[in-house]
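Structures follow.
One chain, chain A, appears in both complexes that follow, with chain B as partner in the first and chain C in the second.
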Partner chain A sequence: MQARKNVGQILIKYRTILILVVLTAVFTILKPIFVDPTNLLNMMKRMSYVAIAAYAMTFLLTLGVFDLSSGSMAAMVGVTLAFMLSKGIPLGIALAGAVVLSILLGFLNGFISVKGKINAFLVTLATMNIYRGIALTVTSGRTVSIKIKGFTDFFGNGTVFNTIPTPVIIMAVFFIACWFLYRRTKFGFYCKCIGGNLEAAKVAGIKSDKIIISAFALNGLLCCFAGFILASLMNAGVPDIGSDLSMDAISAAVLGGTAIAGGIGTMWGTVGGTFIMGILNAGLSLLGAQSPTQILVKGIVIILAVLMDNALKNRTMVTSKSN
Partner chain B sequence: MEDTILSLQNIGKTFQGVNVLRGINLELKRGEVHALLGENGAGKSTLIKILSGYHQPDKGGTIMMEGAPVSFRKPHDAMDAHIHTIYQELTLCPDMTVAENIVLDKQDRYPGIMTNEKGYHALAKEAMEKLEQDIDPDVPVRMLSIAQQQVVEIAKAISSKAKVILMDEPTSSISQKDAEALMRIIKNLRESGVTIVYISHRLHEIKKIADRVTVLRDGSLVGTINADEASNQKLISMMVGREMTNIYPKADVELGEVVIKVENLSSDSFRDVSFELKKGEILGIGGLVGAKRTEILETLFGLRKRTSGEVTLSGKNYDPKSPADAIKQGMAFVTEDRKKSGLVLCMSVLENINTINANKICSKRGVINWPKFRTLAEKYRNALNIKLTNIDQLVSTLSGGNQQKVVLSKWLEMKPQIVLFDEPTRGIDIGAKTEIYSIMSGLAKEGVAIIMVSSELPELISVTDKIVVMCEGKMTGVLSRNEATQESVMALAAAQL
Partner chain C sequence: MKKYLAMLLVVALMLSLAACSGNTTAPTETASTEASASTETAAPSVASESAVENADPNAADYTYVQKAGAPFDLIGYYANADFSECETIVRSTGGVVSVPDDPKTSIPKAKEKYTIGFSCYYTVDEVGAMILDNMKKYAEEAGVELLVNDANYDQNAQNQAVEQWVTQGVDGVIIAPCDFTGVQGALDSLKKANIPVVTLNAPLAGETDSVVMGECVEQGSLAAQILIDKLKASGSDMKGVITISTLNFVHPNAATREKGFRDAFKDYPDIEFVNLTGVSPEDHYAQFEGALASHGDNLIGAFGLYSSATIGLLNAAKANKSNVPITSIDNDKVILEAINNGEILGSCCYSSTTPAFWCMSAIVNKLNGVDIPGAYFYQNVNVTKDNVEEMFEHYYNGLTLAEYSSGQTEKK
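Up next, the complex of A and B:
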């Protein structure tokens, strides 16, 4: 009996890895070139900005909220940066300006939601349109190209040791930082408390408003870097880019076992979830599947993963020890 | 009236290899009130859930209803056999009316796709008249008190011609007065031949109302005795398996200087509350539900705005703006509802114990020291005798008493000057209750002052040094330990009604 229980627990804990291994095996059997390092690095490069947005989304989902405006913020950042650069503003100042702007946008989402006592869904549904609207208005819907190679190399097209694309490095660095923040700091701990039981957190003297607003601001910051990568990959600020970013970030986190109702989540799970989506996209396109098929499969995989989660959870008592 | 309506033979239940109920043989007579008693984890709830079709018993057991074997695969099967259950957490739809709730489980009586408002109303009205209750069938359930909602649940059962009604701790969340009204309803039901199975921790209620008492311990049936031969001592020793000489341990404590002085404290729900409390003293706040006792604690803890009045804490003016502020000044608050505001159920025991002290333990930059968290949690696990298999276990998997100890642990580590307790022993068994009282007593000995709100009169009277009694938001009196009796507290609690 004990043994069966442990199998269930291990399955839950490592289910993301299990899915990854199975997917990789299937694609490798069908197309051996799939495991070619170049292909894998390329895949990681293409999923890097989703991963970064998903890290931030993990904090929000853990708190029991989410942000629909991630893509709009990333687009606004890219457009703003492109504008500043085209006006001859030095790169450093332009970057700093974009960072400050994005933190402010994220902060606004949190501030309005918390202080105005409006559900984050509604607030960010509105700001998703507002931010996107601003990006589209100031550019009249046109792409603003970026000609500064230092920037596009650093965030998008460059490589380290001539092999690893820089976005992959950025994705890894942010992973380490966010894992630390989530697992090893009071901020992450409080996010779990608040998402798990807001009342109890308040009685325990945890300043929930401050934490929630900070998490939204953090989302702004990370979406800014997602925006930098997107702009670099496009060599331009594109006002209608990244419209799926929020949804992809939520999907990645949920695939990784983060509870949409809050209180439960891990950074490892989120990065695993991003890889699942990345592998699916890369594998399916290797097999010649078109983007509509990829979207379809993505949807099915999300349902299956959550069903699997529930089935396993009902059968075993889970301990919340998580890394 | 002496015939058997329901008989259980060799009923057992195993969850994932854990045997929580075994060899239960029990006969329920028609028209009796049968109390089910036992500590938490004794198997009462599991037994109730088997009778109501939520769980299926292990192979080898049989349930006989009026002489014929029955098997309940789902809750509706039990209802079809006229067995109804009223759970501790009521299961009404808050936004539907009383009548709609009453017909909710009887949809097959109303064929077709159209609703039948008039029929619903009539049925609800008839049931209310039978119960001699005056509740408007057209009012949304949300508007009713918990006690009234319970009546609706009972009405729902009797309008289905219930022959057996199972009640899981019906009085745990209602006031004394409502409890007495419920007792009258139960007596009426018994007169009309309905069998009531009544789970409660309150021995005096059981003695007052039950015909027979069955005691469970550790999943086995200890015995069934007639209520008139059941003394407290006997019931308790049957429940815990040993003689309990003192349920309310209270140490002699030398009182120190005044630590908190409350003068004419008022908020929008209560007014002019005054008392003072010395180090090591335990103050009780008594009153009926709705007397606004919890609100006093919330105001002292910075969760609720005060409108006027002064509080002096250790000689300094005390006016907390937030719980964080109150905690900083040495206040701890063990809230009434562990699940709602005491614990984060999806986190482990380890994490829960550290929710308040994270600030103190973590470095200035906010980096968590997990080994230190673990040491602390282990310390309290041993000190308070928290029964668990693993400190990383989810707190939701513990029993009520052990959950309460986890709540206490997190507050004790902040080394409070004053601990506010709101119904500290609600829903926990006698063994754990006694442990909680000794923890309180130990705190008092260390010079901590305690303010305790309690609806259980024996507890209120035995544990405290003095009692402030509230009625409808007004303080109606202060009783010293010598003056406090159940009668004197009740007299003040109902003084304004």
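Up next, the complex of A and C:
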């Protein structure tokens, strides 16, 4: 009985890894080329911008909020950058401008939500359309080519040691930074406190408004780099790109164990969740699955992962009560 | 409980993956035998025999727009249509040709058992499904193995699929791009791997061996002619407003169709064009309703530049009991039925299945060593009430308009 409990605990605790292993095994059996190193590296390249957006979403979900405008911000950054470069603005200035813009967009989301006391869902639902509309208007709906090879190689199409795609390196660097921020700094600690119990956090003297607004600004910053990667992969600023980025980022974080209700999260889990989605996309693509099948399978995986997550929470509560 | 959940997850995954069709076709024994037999009979040592062997087996169906010897200048083609966004290089030097919907020649037989990857922007709507079904059919006829990717309008996913195929070592690729500029990533991967590629629709960046596309300027021009003929026949003084229902973002096909349409009216300077933009039928419904209200009797015509636009403005016209003459491009069943009912004047149509034939022909010929044309323009036909029944059967595999109107959606 005790042994069964322990196995159950292990299965739930390491559910993300378990799902990863099962998926990899299944796809490898069906298509052995799945585990070809080139295929795996390309898969990681293609999911890198989702991972970066998901790191930021982990902070927001831990706070008990989320941002639906991530994709619109990434698109706006891409087209702004492409537009500036096409007008002859030096790369450094264009990059800096894009970074400042994205932080401002994220800040606006947080500021309006907090100071206006409006649910973040509603604010970012509106800004999702506003930012996208601006991107489409500025470009008249055109895709704006990016011809600076240094930029597209650095953020998208280049490799390190002639093997590892540069987006994978960027993804890893941001993971280290976000993990440190989440686990080793007051900011990350405060996010968990606020998400766990907002009133208690306020009573404890945590400046919750500042933290929440900062998290949204951080999301803007990370969406900027997600936008750089997307624009590099497309060799262009595309105004209607990234429409699924917010949902993919939320899915990745939730699959990794971050609670939608707030208070709980893990960067390692988010990486795992991103890998789950990346493996699903790559594996289904190799199998030649049509889009209805892809959508169906992804939906099943997400709902089952969330069920397992709830089972863990219930078990944790039962264990606490019995103690 | 958690164990059972984990097991349920695995079972559900296995069932879901089993539902994946795989979408590969294996060459038949007969086709393989014929392919190897044709290889055995070739004797490449003599120049003339080599020329015969590498002769294009589909040449009898070509009407040359540009003779063989130079690559197709796609950049110049778009520049002539006032569209300056194209940077694509087309490599093949076999000329530029118009091709018929009903070719007399057959799909060429592959000299070896090639593996071809086919990635389409979407394969679940009517057009996409027809293209996919026909691509599989022609792959079997050619004796090649076909790998399929449905990109679901995600260029990133399409580029990933192509990279996977490069890793797998496919022999050739056919791409119908999701994003005409973003597809460059896929084309660059194929160029680096020296894998030939044929694109269905012309990309705006990257390199391709050949493009299979509609002559969109001609499509716009033909659609305009339907409206011009009607207006002149009704004694119009050719003054007033004509709306153009188009996309709210720049798309090369849309830009070139609009160019052809507007140019057709160059002799009528008193006509004012108003663009109504959107994406979905409901967008265009709302836009056209607004146009009806604001222009009133001054509105003398309407042009649906693509099927969703036409469907939207048609329904708005019907709801408002408007008699504004409507012309269109695309051959959706709904549009053809509306032509038959007199609700639309006519539509410039093209086959949804012919492109599959010519894409497969191009890639197999390329792999067989033939210098294929750089561009294949498929046939545009004006469909009006006079020929709508015949053309409906032609485009929809024998299904009649009467059968469709009675509720049947496919030929049984």
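The rule is simple: the second predicted complex is superposed on the first by the 302 of 323 C-alpha atoms of A that agree within 3 Å, B and C clash if a C-alpha of one lies under 4 Å from a C-alpha of the other, contacts with A are read in each partner's own complex, and residues count from 1 in each chain.
To be clear about the criterion, a residue touches a chain if its C-beta (ideal position, glycine included) is under 8 Å from a C-beta of that chain, and two chains touch if they have at least 3 such contacts.
Not measured: the values here are computed from a predicted model.
Colleague: Does chain B (first) or chain C (second) touch A:Phe187, or do both, or does neither?
Modeller: Touch status of A:Phe187: first partner only.
Colleague: Taking the superposition as given, does A:Leu23 touch the first partner, chain B, the second, chain C, both, or neither?
Modeller: Second partner only, chain C.
Colleague: Is it chain B or chain C that touches the larger share of residues in chain A?
Modeller: In the superposed model, C touches more residues of chain A.
Colleague: Please indicate which partner A:Gly263 is in contact with in the superposed arrangement: first for chain B, second for chain C, both, or neither.
Modeller: A:Gly263 contacts chain B only, not chain C.
Colleague: Of the partners chain B and chain C, which touch A:Leu307 in the superposed model: first, second, both, neither?
Modeller: The answer is second: A:Leu307 touches chain C but not chain B.
Colleague: With the two complexes superposed on chain A, say which partner A:Ser291 touches: chain B (first), chain C (second), both, or neither.
Modeller: second
Colleague: Which partner does A:Arg15 reach: the first (chain B), the second (chain C), both, or neither?
Modeller: A:Arg15 sits against chain C, while chain B stays out of touch.
Colleague: Can you list the chain A residues touching chain C in their complex?
Modeller: 4, 7-8, 11-12, 15, 18-19, 22-23, 26, 30, 33, 36, 38-39, 42-43, 46, 136, 140-143, 145, 156-157, 230, 233-236, 238-241, 244, 281-282, 284-297, 300-301, 304-305, 307-308, 311-312, 315
Colleague: For the complex, give me every residue of chain B touching chain A.
Modeller: 16-17, 301, 303, 322-328, 333, 335, 340-348, 351, 354-356, 358-359, 362, 365-368, 370, 390, 392-394, 397, 410
Colleague: Provide the residue numbers of chain C that touch chain A in the complex, in ascending order.
Modeller: Result: residues 1-3, 5-6, 8-10, 12-14, 16-17, 19-24, 85, 87, 122-124, 147-150, 152, 154-157, 159-161, 163-164, 167-168, 179-182, 184-185, 188, 204-205, 247-250 of chain C touch chain A.
Colleague: Taking the complex as given, what residues does chain A use to touch chain B?
Modeller: 1-2, 5, 183-190, 192-193, 196-197, 199-207, 259, 263-264, 317-321
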